[in-house]
Amino acid sequence: MNKYIVEFIGTFFLLLVIGLCVIEPGGAGAMAPLAIGTILMVMVYAGGHISGGHYNPAVTLGVWMRGKCEAKEVPFYMVAQVLGALAASLLVVYLKGDSLIVAANPKIANVFIAELIFTFALVFVVLNVATAKKTTGNSYYGLAIGFTLMTAAYSIGSISGCAINPAVAIGITLMGLSKLSNLWVFLVANFAGGALASMVFKITNSDE
Amino acid sequence: MNKYIVEFIGTFFLLLVIGLCVIEPGGAGAMAPLAIGTILMVMVYAGGHISGGHYNPAVTLGVWMRGKCEAKEVPFYMVAQVLGALAASLLVVYLKGDSLIVAANPKIANVFIAELIFTFALVFVVLNVATAKKTTGNSYYGLAIGFTLMTAAYSIGSISGCAINPAVAIGITLMGLSKLSNLWVFLVANFAGGALASMVFKITNSDE
Amino acid sequence: MNKYIVEFIGTFFLLLVIGLCVIEPGGAGAMAPLAIGTILMVMVYAGGHISGGHYNPAVTLGVWMRGKCEAKEVPFYMVAQVLGALAASLLVVYLKGDSLIVAANPKIANVFIAELIFTFALVFVVLNVATAKKTTGNSYYGLAIGFTLMTAAYSIGSISGCAINPAVAIGITLMGLSKLSNLWVFLVANFAGGALASMVFKITNSDE
Amino acid sequence: MNKYIVEFIGTFFLLLVIGLCVIEPGGAGAMAPLAIGTILMVMVYAGGHISGGHYNPAVTLGVWMRGKCEAKEVPFYMVAQVLGALAASLLVVYLKGDSLIVAANPKIANVFIAELIFTFALVFVVLNVATAKKTTGNSYYGLAIGFTLMTAAYSIGSISGCAINPAVAIGITLMGLSKLSNLWVFLVANFAGGALASMVFKITNSDE
């Protein structure tokens, strides 16, 4: 149960920072990706020893495929993550009540490519820094994971908004930053990216 | 005594950087949260091995509730922190003498919510990265703690000013950045957030 | 084979982030160097335990000269890196299809000096933090390497564009950010900088 | 001899990045402090195991007073640092030849206070993270030291220019960013700040 509470808390703060920093006025402007990558970093460091610090159903999928998360836990992880995202999104809507939020109107093909590739990057980093035998006991895993999100946000923020996380995709849809009709693209691309990363991890870590 | 000197120094530099970076002209503009989170990080790394590197009465409350700080030390920690904040605030007023400082006029309910939630985040991170058995000996604790303040400042700087620290609340009131009539909101929200974090830490670290 | 897949992936993401963040509109503006240094950092942390995380033929040259990479592997490393750079560049051209890209028109002498000196810095850092006996087992190697690229990009981005990596030089030429007629300057300066760093590493680590 | 070569290299790059990032056009604008703090970080990580990574006569003074540097080495450290600063400054003047550089005209009393206090902070951090018994073997020392310079530059860049290092003070004077008639203020304040930090370190680390 501790794991699910931590997954709820971490995903809650991830979406809270996304909403507060991305929505203007009162957001973080060009520094929003730094703030967003950082909240992921600190929540991974804070909760990693309890739940593994996924905060992302695509990460949970990839970690399960890699054999470091039990099948029976997977749905509870994902439910906790989505509930955290929903709770934060409602709070953002309350706190940012005065803002005029306009959903982006992206090119769907580009959204798919961008989300697929950078979810791959995120989950590939997670699996290598947090589950590989040769990197056990390192102190950089949270920095690497959080800052992968940061660099992704600077790279594809203007293409897809950079969810690279199904719970984030649901949250930003609820906040009005992304259209409901585009949600499926994120979900498919993010889970596919996570699964692909897990496969490539297994190939390139063939000694495990 | 060494502990209280270090708590004084760390909180002094925290408030000094806040004042110098937030007050314009001559401040750090959009980079102020980075500078502020960083001074907390470096002071935690510099003083952590002596005093634990709290620099925040809400952290001291949370650490005491978690059983990692003796009751008799708590008032001395808090006095040292407030004295450091006061000293730095006076120096800021001297160095920034030419600036026109206007106190923010925030929505009190939102200040309370923002300060409560992000003080919770800060103290939750502190307890997990700096006092949990499973994270003992790590090298990331200062990065995680300092950068939680950074991401909080980008997220709620426009809502509450982001004190998430009673000593900071007192210091920014003295500098004129926040109204004396609002000080109680910060104090209540910050101590409540710290206490709540300590309770959630105990629940989610039930094996300790 | 695992090594070359990882070198391909890492260099692919390095060039992908460079293209997406540097080319406007939709780039990362003043934060591009942070995003670029960070993708190198996270890919070094993700792939370091498999391939060493070079992602740069000048690094491979320096590591080989220092005796930490076998001669027979060197050409495969470099081919994998260049292929990764080419693949990413094509994807950038597709995703940024609407952008008007204008190649810089730099002073060749200054390009040579800037690229030589900062490739030296990058490879000198790599050799000391990732191959020296006295720094074995540290958790900062990725941060040091990635952020050397970041600080280089802030320093000489306006002089040479800051490739400090032959694979990057080829990629930015393909994207149209640099002129084909200038490519040789990058290649000579980058390999020379890497070789020089390896020599200075040996002199200053005379106990190895 | 290896130590002095490394001190030359590290201080050379520190001044090179300062000049290239601070002098406009072609500088790093608001990101200059990040770039400057980062070059110190990476050079500390690269050279720390050889020379200790001082790159600053005030640090050398403080480390010598704390008993971690031999008296006979001190002048060679300082000469190597100043030579590195001079070499970089000449290169900056060459590369930035087209720039109109105007020396700042600061209030001397404020320069003295700012330089004294933040040199104290830098040397206090250095002594605690890189020479204290209780922090031996950590991976954060370079991050803490480099980013202390970064936060100092955001805080007092507009007051003193933020040298907090006699070699930097000499270099920025040579580049024309600071007046020769003000050099003594930096030298006195920086050495005094370093000495003060060493004294406070000894008081607060009374168990060593």
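Each chain gets a letter, A, B, C and D, in the order it is written, and its residues are counted from 1.
One rule holds for everything that comes next: a residue touches a chain if its C-beta (ideal position, glycine included) is under 8 Å from a C-beta of that chain, and two chains touch if they have at least 3 such contacts.
As the structure is a computational prediction, the values presented were derived from the model and not from experiment.
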>> If I list every residue number at the interface of chain B and chain D, are over half of them used by both copies, so same, or under half, so different?
In response: different
> If you fit chain A onto chain B using the CA atoms, what's the rotation angle, as a multiple of 5 degrees?
Replying inline: 90
>> Suppose chain centres are the mean of their C-alpha atoms. Which chain sits farthest from chain A?
In response: D
> Just curious, how far off is chain C from chain A if you go by their C-alpha centres, in Å?
Replying inline: 27
> Among the residues of chain B, which ones contact at least 2 other chains?
Replying inline: 30-31, 34, 139-140, 143
> Quick one: in the complex, what on chain D touches chain B?
Replying inline: 30-31, 33-34, 110, 113-114, 117, 121, 124-125, 128-129, 132, 134-135, 138-141, 143-144, 147-148, 150-151, 154-156, 158-159, 200, 203-206
>> Considering only the defined contacts, which chain A positions touch chain B in the complex?
In response: 2, 5-6, 9, 13, 16-17, 20-21, 25-32, 34-36, 38-39, 41-43, 45-47, 49-50, 91, 95, 139-140, 142-143
